[in-house]
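In what follows, subunit A forms one complex with subunit B and a second complex with subunit C.
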Partner chain A sequence: MSDETRETRIEAQNPLSASQNNPEKTSHIKSLIWGGVVTLIILAFLPVPLFTTNLSFMFYMMLWLTMATSFNFVAGMAGYMPFGYVAFYGIGAYATGVLYKTFGLPIPIALAGAAAAGVAIGLLLAPTLRLKGVYFGIVSLALAMAMKLIISLMPAKITGGSLGLILSSANDPTMAYYAMFAVLLGALAAGTWLSMSRLGIALRAIRDDREAAEVVGVNVVRTRLKAWVMATMFPSLVGGVEAWYTNAIDLESSFNLLVTAKSIVYAMAGGLGFLVGPIVGASALYGIDQLIWRHFPTLNLLILGVVIIALMLLLPRGIVGAFAQRFSRFRRFIP
Partner chain B sequence: MLKVDQLVKTFGGMTALAGISLTVPDRSILGVLGMNGSGKTTMLNCINGIYEATSGEISLDGVSLIGKAPHAVFTEGVGRTFQVPRIFPQMSLLENLAVALLNKGLSNAQVAEISAHWLNKVELYRLRHNYAEELSGGQQKLLELARIMVANPKLVLLDEPFAGVNPSLALLLIGIIREMPQEVGCSVMLVSHDLTSVYELSDNILVMHEGHVLAEGNAEAIQKNPDVIEAYLGA
Partner chain C sequence: MNELLLQGLVNGIVVGLIYALIGVSLNVIFGVLRVVNFAHGEFIVLGAYGAYFAQQLLGLSPLLAMPLVFLVFGLLGYGLYFLLVQRLSRSNDPEHASLLVMFGLSLVLGALMLLAFEADSRSLNFSLEPPFLMFGNVILPTTKLLGLAVSVVITGCLAYFLYRTMPGKALRAIIMNRDAIQIVGVDLNHLSALTFGLGLGLAGITGIIVSMIFPSFSPFIGQDYTLIGFIVIVLGGLGHPIGAVAGGILFGLAEQTAMVFFSGTVAMLLGFVLLIAVILIRPAGLFGVQNLR
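Presenting the complex of A and B:
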């Protein structure tokens, strides 16, 4: 009896087995789950400005969802850990501010310029994509420090010097909110495409075993570069939109390493490598972060640190990763 | 045909390969024997581009492989397995095979068809949607072999394919390797400590010792070679 015949009999007796061994059905269920998650996100964020003028909580929730999702492109899908991820956030903020304030360009063009600046700086880092593991992380961290230094040394009439830039004339929190919404949807769309495309397969192969991937024909540097470009564009846009939302840009907050730390923690807490991982992680931890902040403002970081340590100790693969490990038969349905 | 000419590989002051020359004709199996540290795996690493040769020439069907990265060597038709299987653990068996076909310009249906053929061949078809990490060590070796065979290679480098494999899977592997030259049309370089399998499968055998070729010939000649007996067989 051939494998196919034997399998058909097993499938007829066991519906779960049938869906497990039917790629179309598995893919369909996975797509339905992911479609449901995206629909929930749209329903949760899209109408908010219609009901309230206090948009901050939801705005920053979207910001962290985007940061964690785009961080997942490199860390979860390609196996990189760019510790200096904040560099692109800061570049995006300053590019937006300088293009708007100094050069008088409209905000949408300034934001496009921010994305282009982030990608351009990311491409400058391309030769270091050959580096393995922690070495790349260190180089990216050095980039963040170097960018902060370079901007601080630029003429104050361009960057605003130590006072930074104020974009009060561009003030429009609702439009900024919807801009962040669009960036989030863009990141989710990019993640969806990555996970379904051949590029996504190549990236996951590199993540699992870089050398083995290269030995079976994957051009590791070129493949990583594509993911890297996508991963640098979104934090740059996020930095730019956040600058528009707050109307203020300064070196300390634009290049604050906590931005990288939170992106890493939120993505890891949810589960790297899964599309829903950063969504779950950022939603849960940002919510907890805000609750702690509201009730224990002076102990906020301490308590959040304890929560994160507990999470990493108890669920090292993140919330979604732990679920996938515990219920491995359902893992293939998790987007 | 693979031609290796005066291949030298040094690591600092240590010479791992001291001028190795060999030929693997089309549709043939070259067995490579040698004690640990004799340079067998280093030679495979030089052929498939993981290591850059210090000097010498390596060519496949007249095309030089020197200076080519592993992915480019794979594109030239050289597939390779490792002593400890290097599968993609968090990917399904089908996805593992799909990686090797990414640059072939095939449709999804063609990828699925070729993958199904080879998964059937290595008796892993029923597990095709399982994650590779769920396989036993022996099954991972079979998956690794299938992963290079889907790409229809001209030359297959097998590094200790029978190590840690249970007897029934070893028999399956032996059967597949035996058929490869005629059925697939590729050449095979088989590095193994399993003397019986090497003698049984190989058209020609090369014995390496401390980075040199100690002897070359068919199974019978190798077993009678006094240098080999002294240095390797020890009896």
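Presenting the complex of A and C:
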């Protein structure tokens, strides 16, 4: 964060400098805006299965909203850049598939298992949180690759080997759609909790100045761990629900680096660190992405790459971030 | 069994030196510019295509194509620095920003290569007489030996450049202290651009050597080389140009011996485990003497 935005943030939280606006009213307006956004999302996605049987477009939109939102928990609120984010998505997909197909458990329990597996691996990897900057990114990427190799080394009886797993007997797109809806709401709720509670203030304090946060008594390790657990649970659930929706799991698509790439692009295009950032970013870019993907599949990667470069060079703070910088008066109202 | 192990160790050193070359160029770029070149592997593959087309269209042997590729990639790097990298130093978090921009560049390059050269694997038409030499029971293909020799020569030249010439010393000085070097009157921008050019030029040459030794290349394998490069530079110390040589040989040995006893997948897994273990236990790298931050 630059000094400029940091100043406005301090201003927003410091009752003395915000003389004309009392902070309670500010946070009230902020909550109202956020509540409006969430209501809009619910209204947009809840009734879709009543009108059409072609759920794919809306299903994947919810998927990317969830991925971008939970990516924001670590990247925007805690200041980490996990390049191997896809690992948790893949683990979730495989945990669901293995529990359902190999062990014969019902889908809801398999999904719960997927979340548990994601969180367990996340906790196992928690020591990587003490790494700084690029080291964390590189290790995270290496871990995603290692995870894929480990699954490929597991006996084909369990993971289906190179053919992957087919879950056709579980086919129920409408239920899978609502499962993704529930996961999205869960991610939004977790985001609300992470950013509007004391925890969120602590997280941002650590991101902006770790030493200072420690001095005023923030437990750095535990605070980051909470954000990390949230950020690992949701992609695992998303991976599991997606596996249920498509009924197919294989190594290449479950551990495709594009999953990380798109989570990053959507979250960044909106603006990291804002609750509404990933939502704005994913809504703005998802439609364009679908259009390109449908008509020019090979150009998809090319354009995704160009978008990442252009965003970093021209709009590094994202749409919401740029707005907040341009109209800093309104900065305090943006959730 | 012992012969197999011996063969594995010899292969390890040969492959390791080539890995070292990947790491060295990656480390020159990271050390000087603080740019994590995620697209390095794509430039390596692009270098291999350069040699391929130089051979197909101009009839140049891969060895003669090396200076040409170095020059072209060097110029490309010099230009790309001003287009992409220079702005990053003004960002709030240059390292993350560079990681993301280079990630985008790697997607772009991979997609462009796929569009231009299509998905089939290609290989260089390159062979030597005799095709292999026997040392006792150890077989060494002559192309591998040649690749080894070229890697050693290039690493030697680079070491000479970095430690014995003025621009090389200035370059190392940037790694040590970015601010002080400007006070003594070094044009940081120009030198940084040259460094990026040097790094990409080396990546291009590495691509040619790699394609002489490994059977084939395709637009998809860039990422593998990038990851190998990351493993090597983390083992040898991030930002430590010559430390990467030790890291490369170590990784080559570990990978090739694992391949003798287990499989290619286990060998790759071992690489990642090594990387993670080293970062967690000794973030400065196995051979990094001082923290270069």
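Note that in this section the second predicted complex is superposed on the first by the 305 of 335 C-alpha atoms of A that agree within 3 Å, B and C clash if a C-alpha of one lies under 4 Å from a C-alpha of the other, contacts with A are read in each partner's own complex, and residues count from 1 in each chain.
Basically, a contact is a pair of C-beta atoms (placed from the backbone, for glycine too) under 8 Å apart; a residue touches a chain by one contact, two chains touch by 3 or more.
A quick note: this is a predicted structure, and the numbers were derived from the prediction, not measured.
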Checklist line | Partner touching more residues of subunit A, whether subunit B or subunit C | finding: C
Notebook entry, point to check: First (subunit B), second (subunit C), both or neither: which does A:Glu214 touch?
Noted result: first
Notebook entry, point to check: In the superposed arrangement, does A:Ala44 touch subunit B (first), subunit C (second), both or neither?
Noted result: neither
Note to self: Let me test your reading of the model: by the given contact rule, A:Leu291 touches which partner, first (subunit B), second (subunit C), both or neither?
What the structure shows: neither
Notebook entry, point to check: First (subunit B), second (subunit C), both or neither: which does A:Ala156 touch?
Noted result: neither
Notebook entry, point to check: Touch check for A:Gly273: first (subunit B), second (subunit C), both, or neither?
Noted result: first
Next item on the list: Would you please give the residues of subunit A that touch subunit B in one complex and also touch subunit C in the other complex?
Entry: 2
Margin query: Using the touch definition from the top, list the residues of subunit C that touch subunit A in their complex.
Written below: 36, 84, 87-88, 91-93, 95-97, 99-101, 103-112, 114-115, 223, 227, 230-231, 234, 238, 265-266, 268-269, 272-273, 275-276, 279-280, 283
Note to self: Going by the contact rule set out above, which residues of subunit A touch subunit C in the complex?
What the structure shows: 1-2, 81, 83, 127-128, 131, 133-135, 137-139, 141-143, 145-146, 149-150, 152-153, 257, 261, 264, 268, 298-302, 304-309, 312-313, 316
Next item on the list: Under the touch definition given earlier, write down the residues of subunit A that touch subunit B in their complex.
Entry: 2-4, 6-7, 20-21, 23, 26, 198, 201-202, 204-205, 207-209, 211-220, 273, 331-332
Notebook entry, point to check: For subunit B, which residues are in contact with subunit A within the complex?
Noted result: 48, 50, 69-71, 74-75, 79-80, 82, 86-92, 94-95, 98-100, 102-103, 120, 123, 125-126, 128-129, 131, 147-148, 151
